[in-house]
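Below, chain A partners chain B and then partners chain C, in two separate complexes.
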Partner chain A sequence: MYLSNTTAVRHDIPQTAAPPAFLSLVNLTRYYDATAAVRGLSLDVREGEYITLLGPSGCGKTTTLRMIAGFIPPSAGQILLDNRDIVHLPPEKRPVNTVFQDYALFPHLTVEQNVEYGLRVRGVPRSERRARVADMLERVQIAEFARRYPRYLSGGQQQRVALARALVCRPRLLLLDEPLGALDARLREQMQIVLKDLQRELNIAFVHVTHDQAEAMALADRIVVMRAGVIEQVDSPEGLYHRPVNDFVADFLGTTNLLKGRCVSQEGDIVLLETDGLRMRGRTHLQFAAGETLHVSLRPSCIHLNSSLSAQDNVFDGRVEGIVYRGENWLLRINTGAYHWIALTPARTGSDAGVQIGQNISFGWRAEDCWLMKAEA
Partner chain B sequence: MAQTILPSRATEFHRSAEQTQGSRAGLIALLAAPALFVTLFILLPLGIMFLYSFWTTEGSQIVPQWTLEHYQAYFSKRLFYAQSLKSLRVAAMVTGTCLLLAYPVSYFIATRPARQRSIWLLLTTVPMWSSYIVRIYAWRTILGLDGVLNSALLSLGLLAEPSKSFSFNQFAVYITLTNYLLPFMIVPLVSTLEKIPPSIFQAARDLGSEPLDAFRRVLIPLSLPGVFVGCLNVFIVALADYLTPALVGGTDGVMIGNVIQSEFGASFNWPLGAAATYVTAAIAMILILTLRWLTHRRAKEVKF
Partner chain C sequence: MSQLRRLVFWFYALLIYGFLFLPMVVIALFAFGRGDNPTRWPPDLLSLQWFEAILRDEAMLKALRNSFIVGLVAVSIAALLGTAAAFAIHRYRFRGSAIFYGLTMLPAFVPGLVLGIALLIFFSSLDVELSMLTVIIAHVTFLTPVILSAVLSRLERLSPSYEQASRDLGANAWQTFGLVTLPNLRTTLIGALLFAFTLSFDNIVLTFFVTSFEKTLPLEFWGRLRFGLTPVTNALATIMVVFSIVLILAANRFMNAE
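Let's look at the complex of A and B:
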């Protein structure tokens, strides 16, 4: 029986359609001297799933990855693969392969020999080795560099070799440690597509460590947000973006308007609240008592200007204080006295933002877009 | 193939030298002093010795009368060629032993955190703070008939009477040279091993290599340039050394260095000594070039 992950995560997409978990981290803990890098971390990884571990540096995401790979022994906890604890297995005995942050290609071997390494070590027959290496080089589009040495390749090409070298071993799970960190923005986007396509084609579970929320959102089926060695939240990118559990997650997942307020009354999942003299409605899945402090997260793209405000639940007047053109949209700063709001409005060809700096406008948002969270101590 | 993509290091250096110095003249002026030094104190004496090896002695004079007799003498007299072969063998054994001893030590040092690393390296050079001769005499007191080793074995009851087999023979030369030359192997090995990122070894493990297999397939090939430099250091010094065999070698431990020294000294046959020097050097050079070829076949590609 697989461990239920309701204990491990606070909010999760429904389990019904999800494939079964094959790898479970149970209360995984790692101390360095007296400080805990990872504390009581529990997580299930399902077959063929793309998970990203997201968090600021020092949050324990790389330590977690290295414990799964077998490079760091956990201080406590279990790593269950098909319900068998693999904590005591050395890296070479785990059906897991890693793409290292610095790629760690073998400089004395050609691209082909690098990719062949895992198969050669495991004694795969020569003909099968050749076929699998050729197939994998083709998949990551580096077949033409097969005879080159790593030092003559660009960063992106080296990245592909590292990927091919790990995937050719057909691991149950591929671990990626900040794999795109050293690439420039354009290349990073290309590699994201390569990664996602490969993962779907090969149907191998990926666990990918990153501190880049855009990367995590672009790739992941589920994102694990970590802070100070513990999991803050596990959810789909949409779930995390629009339904964060606290202001840390809300803020880490992208620009948001964060406010502190007090509950006035609650009716179902809609709460009437008060913040700095403004009354507004927001949505929650929690129960708040009247007078209880709560946090509000409102994504800039949920704010609408002038036009179709009539049916909306929260409408305020403010002054436009800043306009920034960002290609796809305009970023506006709106002052309502107590607070500066960040709003995004789509940019269309041949038109301007529709407002000027200094202009007084009315703006607002629907109650269901305004997400309420528990205020933490 | 590769060179067409990347400019070679030489051209890069050349270009930057031109840009910063403005002209070739500056570069030449800069190199003049070391070039003069090398010519005067290394090339010239070596050249003179090379000439001497083809000249003859008349009484106490060396006269420019061309002959190959010294080379013939070298190859026909057992004293010479057998001595050279024995010296090469001893030097090779010393080099091999140093490599085997130094590798684990160097690996240990190279994998320490940076600050500890320099302390460990410093410790390996501590023996070099005392004079070479003092250390040879130290080995004499250890290995001698009433030395530390014999006394220890006697008091443990392992020997009935002091053994003569520890000193004044090849064994004593081998032990003393190994001890003396070990740091010369460790230093280049550490500097090669510390440049190999730890992730390379982890990648090998990750891909299915057990520690020893990862060592064999990855670490050893990547450390070959350091192995070469270390072996070169040790081999050359061991081969040319004549102090150790003179002081702890006895008749059994005589090396080619002592033979050559006696030709330049007591026997006063400089041309023969010079010929012996050049033949031994030529054999050593062939061995070194072979070793270099073995260790540097792929060195061009290896860069982290």
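Let's look at the complex of A and C:
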């Protein structure tokens, strides 16, 4: 979504067959004292893939990252690289590099020396070192600061140095620990473009930890949603957004109208359900028994106002209680008595929202836009 | 700041510094005096004869040499022990590490008199003859905590992610120590060494207990005072004060540099 107007060259990955997985986390578990930070986590990482680990703080995403890097030994489980377990290898023996949250640039070395560090300690010959460092500084556009010390750089520039320092080692896998957390919103969007372009150019797999769902959606080929040390769902951004497995995932990615209801009857993939006295239809790929509790997720952009919805659709009457202008759209709050709905309507130049606060309106959504999920026990 | 407050501020500062340094200034003035009465005011300026007298004074020069030997050797040993201990305490939270830290710091806070007597009893119970070596050992005991605390506080402010980043980039533990940790400790270490040397150079109580015939500069100085003040002792005191001030200023510069 942010990539449309960049000028960088891109080599599009063929979309046919998914590349093979080269790194597998198998039942990875980590305890701190008696509490599990990560529990039975299994995940395959494919060549050249951009994965984000997404979840609230304390969900175990950073612990997972640090186990892959080798800073924390797992309590149980395996990390298979090309089918070899690397759990017992120290960080320096793993073909993995990390971009740290605080960048961790060496304060006593210049930008150039920082980027050169990984090649120097590995004994790469000087001439090759020079060439690779220069190339990488060019790629992240910090060549002009090569002789400066990190403390004289801005946050965004330091971030680029950290990226160059890790990537110059040509890792099989790059780990990024909340890399954009310290940057302001505008810079964050710029860096997202840099990250995505670099990842495609170099065709290196990235595993990126974040708690920012917009960042995860903008960057990832696949998002891993975590909660309390376990994976809730792994899917593409579109898949997660439109087909969340439970209310947690639905709520964590973007804004949604979440309801709890009961199945009245099911016909194919359409379920008639009841919630707080309202009857509506929703779509599912699961089987619900009559009377079974279920969760409903309805994205605000799926709600239509005063439009010609058919009798098959869900149509209700409500009162407009709030209108917020958000540039690209209007955000409305609609009260139907039992529930406050959030709706988005596109904003057109020179027109208002088309409704006023206090106005009674009819609104609704198509049954297939209403996503149903199993309620957890 | 208003005019009055500025005035009060400077007056106050002058008072404090006067209180602290006036006695030393008086001694320095006498050191540059022409007469041989070291206490009659005002001194009859200006002459360097008493400083020249020190240069001709064999015993004094020998004491100076001893002080430097003791200082250099003791500080070197303390630097190794103190740095190693700081790393141990910082890196490993072992059972009793707080007690270990407390015990290591103790000699810096125990009165020199007590430490001196304790060491003297210790040495004589082991039949160790008092010499320069016992002086050096004694100095190491109270210099180690000085280095330890300086290095430890620096380590605690040093982000652990530097070392992790180094390992992550392919450096082993030794490379990491040499290329990342040590360079970041350098200024702190130099500062701590200078400060420790100053403490060693000025020490008298502890040295008094554990030396035999060999005298360090402060001991030589003390010995002469028993025969009364002379312009030579004034000159010597002036040199020691200036030397200490220079060392402390340098130490401060390094410790605050980072």
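By our rule, the second predicted complex is superposed on the first by the 358 of 377 C-alpha atoms of A that agree within 3 Å, B and C clash if a C-alpha of one lies under 4 Å from a C-alpha of the other, contacts with A are read in each partner's own complex, and residues count from 1 in each chain.
Just so we're on the same page, a contact is a pair of C-beta atoms (placed from the backbone, for glycine too) under 8 Å apart; a residue touches a chain by one contact, two chains touch by 3 or more.
It should be emphasised that the depicted structure is a prediction, and the values quoted were computed from it without experimental measurement.
Novice: On chain A, do chain B and chain C fit together or clash when superposed?
Specialist: Overlaying the two structures gives a clash between chain B and chain C.
Novice: Does chain B (first) or chain C (second) touch A:200, or do both, or does neither?
Specialist: After superposition on chain A, A:200 lies in contact with neither partner.
Novice: Once the structures are superposed on A, label A:151 by its partner contacts, choosing first (chain B), second (chain C), both or neither.
Specialist: first
Novice: Check whether A:285 is in contact with chain B, with chain C, with both or with neither, and answer first, second, both or neither.
Specialist: Neither partner.
Novice: Given the touch rule stated above, what does A:92 touch, chain B (first), chain C (second), both, or neither?
Specialist: So A:92 meets both chain B and chain C here.
Novice: Output check: A:107 vs chain B and chain C. Expected answer is one of first, second, both, neither. What do you get?
Specialist: After superposition on chain A, A:107 lies in contact with both partners, chain B and chain C.
Novice: Give one of first, second, both or neither to describe whether A:118 is in contact with chain B, with chain C, with both, or with none.
Specialist: Both partners, chain B and chain C.
Novice: Going by the contact definition given at the top, which residues of chain A touch chain B in one complex and chain C in the other?
Specialist: 69-71, 90-92, 96-98, 100-102, 104-108, 117-118, 121-122, 165-166, 169
Novice: Looking at the complex, which residues from chain B come into contact with chain A?
Specialist: 2, 5-6, 197, 199-200, 202-210, 213, 217-218, 221-222, 298, 301-304
Novice: What does chain A use to touch chain B in their complex?
Specialist: Those residues of chain A that touch chain B are 69-71, 90-92, 96-98, 100-102, 104-108, 117-118, 121-122, 148-149, 151-152, 165-166, 169.
Novice: Given the complex with chain A, which residues does chain C contribute to the contact?
Specialist: Chain C residues touching chain A: 159, 161-162, 164-172, 175, 179-180, 183-184.
Novice: List the residues on chain A that touch chain C in their complex, please.
Specialist: 69-71, 90-92, 96-98, 100-102, 104-108, 117-118, 121-122, 165-166, 169
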